[in-house]
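The structure appears right after this line, and notes come after that.
Each chain gets a letter, A, B, C and D, in the order it is written, and its residues are counted from 1.
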Amino acid sequence: MIHIGLGHFLFVSSILFSLGIFGVVTRKNAVMVLMGIELMLNASNINFIAFAKYGNFGLQGQVMALFVIVLAAAEAAIALAIVLNIYKTFSTVNVDEIDTLKD
Amino acid sequence: MGNFPILSFITFLPIVGMIIILCLPKNQTLVMKSITLVITGIQVILAGFLLYHYNYGMGGINNPATFQYIEKFRWIEISGFSWIGKIKIDYFLGIDGLSIPMVLLTAIISFVATLASWKIDKAVKGYFALYLLLVTGMMGVFVALDFFLFYVFWELMLLPMYFLIGIWGGPRREYAAIKFFLYTLLGSVFILLVVIGLYFSTMETMIDGTKVFTFNMLSMMDTHNFVATGILSPMNPHNLRFIAYIALFIGFAIKIPMFPFHTWLPDAHVEAPTAISVILAGVLLKMGTYGILRVCYPVFPDITQKMIWWIAAFGMINIIYGALCAMAQKDFKRLIAYSSISHMGYVMLGMASLNSIGISGAVLQMFNHGTITAMLFIIVGIIYDRAHTREIDAFGGLATQMPIYTGFTTLAFFAAIGLPGLSGFISETFVFLGGFAFETIRVITVISTLGILLGAGYMLWTLQRIYLGTVPEKWKVLKDLDFREYAMLVPLSIIIIFLGVYPSSMLNLMNSSVNAMVKFMMDSKALYGSITGF
Amino acid sequence: MTEFNLIQIAIAILFLPLVGFAFVLFLGKKIKSAYLVEVGILILTFLLTAVLLFNKLYWFADKNIVSEFSWISYKNIAVFGNISIDLGFLLDNLSVIMIFTVALISMLVHIFSIAYMAGDKLYNRYFAYLGLFTFSMSGIVLTHNILMMYVFWELVGISSYLLIGFWYEKKSAPDAGKKAFLVNRIGDIGMFSGIMMLFNTYHTFTFEKIFAQMASGTLPFNSEFWLTVTGLLLFCGAIGKSAQFPLHVWLPDAMEGPTPVSALIHAATMVAAGVFLVCRIFPMLTGDALFIIAVIGALSALIPATIALTQNDIKKVLAYSTVSQLGYMVMALGVGAYKFAFFHLITHAFFKACLFLGSGSVIHAMHHEQDITKMGGLKKKLPLTYATFLIASLALSGIPLTSGFLSKDGILQGTFAFGSLTGYWLFPAVGFVVAMLTAFYMFRLIILTFHGEPKNKEKYDHAHESPFVMAMPLVVLSALSIFIWYTPNPINADAGLFLGKWIKTPSLSVPQNARYSFMKTDLVPEGKAENNRDISNEVKKEGTAEGKEVIYSEAYTEAMHHAHYPAMFLSLFVALTGIVFAFVFYYWKKISADKLARDIKPFYKLSFNKWYFDEIYNATFVTFTMLSSRVLAWFDNTIVDGIVNGAATVTRMISFFTGRFDNIVVDGLVNLMAYLSGFIGLVLRRFQTGRVQTYIVLVVFSLVIILYLFKTF
Amino acid sequence: MNINYLLNSLYLIKPEIAISATLVLLVLMDLIMGSNKKLLPYIAIAGLIAASYFSVEQFGMSSLAFVSKANKGMIVTDPFGAFFKGIVVFASFFVIYFSIKSDEIKASFERHGEYYTLIFGMILGMFFMISASDLILIYLSLELVSLSSYVLAGFTKTSQRNSEASLKYVIYGGVSSGIMLFGISILYGITGSTNLYEINSLIQTSSIPNLTFILSGILIFVGIGYKISAVPFHFWTPDVYEGAPITITAFLSVASKAAGFALLIRFIKITFIKSVDSAGYWQLVDIIDWKTFFIFLSIITMTLGNFAALWQDNMKRMLAYSSIAHAGYLLLGMAVLSNQGMIAIIIYFMVYAFMNLGAFFVVMLIANKIGTEDIDDYKGLGYSQPFLGVCLGIFLVSLTGLPPTAGFIGKLYIFIALVDAKMITLAVIALLNSVVSLYYYIRVLRNLFLTRPENGTFEFKVSFSNGLVLVLLAAPVIIFGLYFTPLINIAKSSIQILGF
């Protein structure tokens, strides 16, 4: 029986974070990019909770995680609205094609 | 007299005028012109007042006690730095024999140039506002004794001049304006670096006994004020005084303009409107030489003495090179511009002589060149107004068509070639006599006398091509001078003749200062020798 | 009459013409007869000079009257000490005689011009310029210091410029004026350098103070060589102004001016100023300097004389003759015959002015025809002009009973003595050859103009004798060409007061060993000086009790004495030979001048083309200057502006600003910099692709780099 | 922690409460008033006046609010914060005025309530950013600012570039804050606290795993760096500045940047400080070499900003790069790590607020009339609109840093601070950079004054109120250029951060 320790949590969170960035960078669909961001945020959440639990730091970490969840939701709502708007004006949600503003 | 801050008044009066003009409605052009004329007129009167109360015996240069009309108070004070300690900048104005001729010149030329601006009809408001700003900048440079303040005024001229050339200039005005701007800016950057370097090398003792870094030019001239480790301190064996001197000199030399930094001048002159050419040649060029005399010489007497041969040599190059280039010009105004380069060479040569005769000659030449060249540019402007061309070969025989105009031209030309009885002669003579007396630059002086031949050559040739001969049919319509043009030419002519006949009036004015300068340079030779051991 | 009165008169003499100038210049347009004021002023000036001359010579003949006031003064300055640049008068016999001559000729020329210039549209302006000239010339003569002399020197230059170019509408006149001024400036540069040298050594400009210091042993750079150089530099001014070889080229061209101007400026007074200058600085000229001056003088006497032989323009002949005669005077000064040089200066001024005014009369009569080959037979039409012209010509040729005979003879005598003392016989030889040539070309001129058949009948018919105002000056001047005014003895000039009492060779300030050997001071016993009347004039009292300083050694006096008669007869002989030849060629036509010209074609062409001086100068100096000015202007535009100052960068920057960024100019270091900054900008732009994912990749990437860097810190 | 203490804490956050109240009021009024929304901006201004009053009140205070345990609070009330709140409020005043005048904003009239509410959301976020001393609050306030600004950047829904800016902003911002959050989580893990004061005392006493600490520090900096648009976290800036409405661009470039810097200074100073020496130099805990970090960061930030700006044709984009360059200059003040550096930053911000707001205002006025921000379309503007031209000229000259404008003083103080810290090389690099900057500013001036208008002139009048506002912005730029002692006095009294 493997004892699940802090290291495991951190490992999972790092993977999640990397996957998040990877998703943000590689996905063409704006919605998928946003999901990448969500992954990154959740990686941090795992960190917070894991640290709070294993480090006996009190409730701060868990509270933080709750805040982040709420914020992530808000951000997702706003981002989706923006994506919707993008779809209206550009008729696409492919982030590669949205590059009229550049040098 | 009392404590009336006359120097501040004379300097900032144009700013007041500028604000009034900015508040006027756009179509009140005559009012704007009149305001400018009145303001510059008051400046002339104030300058006359300064002259009237001027004490001829006080030398100035490095001794704050012998400056006159001093105004000094703390402008900015910031404390709380580690090794810098306290930063203080003084509002420090004062004049001595070097600056009072320049103040007079600035006032007179500004007044005349206002008249020359009378026909400006494009964006009049902007023109006169900028013009007055420019006048403040010029005046400020000549009265400031705090290096920081000096630099502020120096920079203050830059933008108005840029716009005055760039907006109201000729067909290639953009090119000329940007060229002027970039050159002058380059010069100012050099100057700024040295200002900062000097700042961190000199400390002034305050009333309470503490020592603070200072921008005070006069403190920079006293070796006791140098910080031993300062990068520009002579006590520091690894000091950068030489490099700083070169940088400062180039910064000023660009304004003179000294070969090979002169090429902005012909372009700027050709494109600038008449009045601005008058200002440019009449006053702005003097700032370069004034700066060298005011700062380079007394702050770096050691390096100056080492570099004197080079200053004279570049003066010689300016004289001969400018004259030869002038000879080949086809554009009247460009020719006059090159003649300016040539004439400023005399100033450099005179400065290099390091004796009273030569330096007096240089300062007098600054004043005389100011008036003579201003007159020449007005003359070019008059003909350009009428004929809309400056091509020398397009003219001929104007003496028949415009005899009075030709008379003034002849006077100005003769003054420019140093004809005795007119002001240019005595200053050139002094420059040569001074230069010859100094062994190091004797040969250069003798070679430079070629300049008076070449000068006569191109001037008389020009006179012949434009004024003598027969009038081409198309110029038979040209009218002779009107009242406004008389008003510009007559005062300048009077000054030119007066100073030609009675140069002592100006020489006495600067005498004490020039002597103080020479004495300072000689004393410092031994002083710096004992400090650095060379 | 006190000395002070004399000074007052001198001040009036100096400034009256200036007042006239200003008056006529400013009011000439309004008042048609303003010129009369100027003429009146000149008459007044002349009277004043007459008063001055009389009083000075009568009361103060042995005294130099000096008056000065400080113009510019410096006290206790470094290097120089106390300096006072003074304005002042020096009234010695030299200057009062000279000022009298100047005023007299000027007055006559003014009067002559009333008729000659009548109808010119700038009539008044002309008189104004004459007034300016008279002022400047008086200044040269009266001043007591070298700087003021230089000042007036320049002023006469400019008035000469104005007057030569008076008819500015024809192209040649301003050209000639310009040439005159510029060629003079070349000499002036030399003179100015000399002045600098003097000032640098003596810290004063005043002649007397300079000579006094020099006599006490102060020399420029403490060397006699530099004293020679200083003297020669000052002499450069004279070369220019007196049109000496090699700067003589301006004078013939200056004949473009009105003829009375030529008479006044380019024959009698201004060109003589050079000789006057050498007279003034004579005490400081070393032997070496004098020798070079003599050589220059000899060349200037010879070359123009050969040119004058073939010229056909009446004024050009006279102009070359003037140069030649001035060369004579300079040569005379060079060989030490100071008195005769000055004497010749005065006599020449009168008869040459007479000749020029006479030629003016001819030209006036011939309606501005100047070519002598187109004249002839005018004797009948212009009897008075002919008579005066003849007298002046005889004087110029050196025929007895004329003033010219006396002065020229004196010069030849001086060169003869010099030759016998030093062995340089070339100088007298040149002198005699020139005397012959002079007589020849003058009579060629007279014969072609006044004798024979008229060649232009139409103009001849309209010719008539000049009015009184033109005739009177001719008569006065020709009368002054007679010996009687100068000496009672027509063959010995020393007998008169002029050379006997008034004009004396000044004592030298040059160190003994730098002088001509015959000018070295040897102390003469008291008694001997008494015995010899001839040398007593040369003796000047010295303050020392030891004896009297003699300017010339006994040998020189001796040689002069011996040279007197040989020189006189020889000169008379050569002059007559010249006249006879002229008659043979042109009057009797025994020998065809044309044929001779063909036979010696190269020489003829050389002479006719004025030895090609103008062409040579044009091809060398003028071309060189113009070429270098063009090259430098190109250099300035292209190299200095383009590369050194990176104007190309400015252009490029502007074109870049205006959005027309092109790659036309890509060279020079500065351009490379501009290119580099542009390149950086371009590279940076690559990153700003507009794709948000690229940005994030870049952020993550740079984050990794930062972390890596931090780890290695 | 009793209720009294909470009330006392509320007392300490009066400015924030005022802003929140206004925010709520705005929402309510929006609902009540229906279609007539003209009153909203005036309510906003009233709220701002209240907030500014309370901010000024805080100038003399120094205390902590919402203390969790043992004197470690979440919010700091000190002069430093008060100053930056002042800057934010100042910018907000003008931005709201701009919004009233902006045609862009007027076009979507029916959503004005939303607009002002979101602006107040941003202001609230900034206030908390400025005064937060706890990582939780820092993150939350940062997100509050970000979320509001995402929407505002895309406020004009119909415009393509608005939406694009908005999308880029949200993605970029999301990733940045995600990275920052990850950093915060790590820092929390190694220190066990989110309170900056606590972390400070912890790292001073116990040993911390070095690399992890650096990792967390840098990751947290990503979030701040993105707010202040420091290179290489700046990529969003040009695109968003160009795409967003001008009012929002102006707000982002001044207020948001000020809040970001306030956060940066507080974060660095509270977290890492060991002691401040007598001359005002900060001794930091030497786990992370912030000095070197800031030196390099400032060099690349200003260099890149300036060089990239050389190539811009769009005025807003050019100003965006210029604001990056200015961030570089400001980072120089950070690199000094001293009180003098802080004074320099504060002075710079005061000056920067005037000139940048002014520049954007002129750009907006022109865009209102001619509908373009292209620099080439400014040709001849100086002739037909001399007043606007001269004002823009003054702002640009000041941005260049030429005397006698206030911009010069800002730069000068930074240079002096650098020299005082003996960082001469850095000063020279900065000087060279300002020379480069001259070229792109002067290009605008050239278009304004030296060229003739190409197609039609700018026939419009600047209204009196707009003129007055312009003068209010331009005059201080000149006046402070000549007499800047007040600036220095304000700056000196504003550097007090609680605890040090």
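Here, a residue touches a chain if its C-beta (ideal position, glycine included) is under 8 Å from a C-beta of that chain, and two chains touch if they have at least 3 such contacts.
Predicted, not measured: the structure shown is a model, and the values here were computed from it.
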Chain pair with more C-beta contacts, C-D versus A-C: C-D
Central chain (distance from its CA mean to the mean of all protein CA atoms): B
Approximate Å spacing (C-alpha centroids) for the pair chain A, chain C: 101
Chain centre separation in whole Å, for chain D relative to chain C (CA means): 81
Whole-Å gap between the CA centroids of chain B and chain D: 44
Separation of chain A from chain B, taking each centre as the mean of its C-alpha atoms, in whole Å: 68
Multi-chain contact sites of chain D, meaning residues that touch two or more partners: 167-168, 171, 175, 179, 238-239, 308, 311, 446
Residues within chain B bordering two or more other chains: 174, 178
Contacts with 2+ other chains: residues of chain C: 653, 657, 684-685, 688, 690, 692, 696
Interchain pairs in contact, sorted by label: A-C, A-D, B-C, B-D, C-D
Residues on chain A engaged by chain D in the complex (per definition of touch): 13, 17, 20-21, 24, 30, 33-34, 37, 40-41, 43-45, 47-48, 50-51, 55-57, 60-61, 63-64, 67-68, 71, 74-75, 78-79, 81-83, 85-86, 88-90, 95, 98, 100-103
Interface residues, chain C side, partner chain D - complex: 653, 657, 659, 677-678, 680-682, 684-685, 687-688, 690, 692, 694-696, 698-699, 702-703, 706-707, 710-711, 713
Chain B-facing residues of chain D, complex: 279-281, 338-340, 343, 382-383, 386, 390, 397, 402-404, 415-416, 419-422, 431, 435, 438, 442, 446, 449-451, 483-485, 488, 492
Residue ranges of chain C in contact with chain A within the complex: 684-685, 688-693, 696-697, 700
List of chain C residues in touch with chain B within their complex: 71-74, 76-80, 83, 147, 150-152, 154-155, 158, 161, 165, 168-171, 173-175, 177-178, 181-182, 185-186, 188-189, 192-193, 196-197, 199-200, 625-626, 628-630, 632-634, 636-637, 640-641, 644-645, 647, 650-651, 653-654, 657
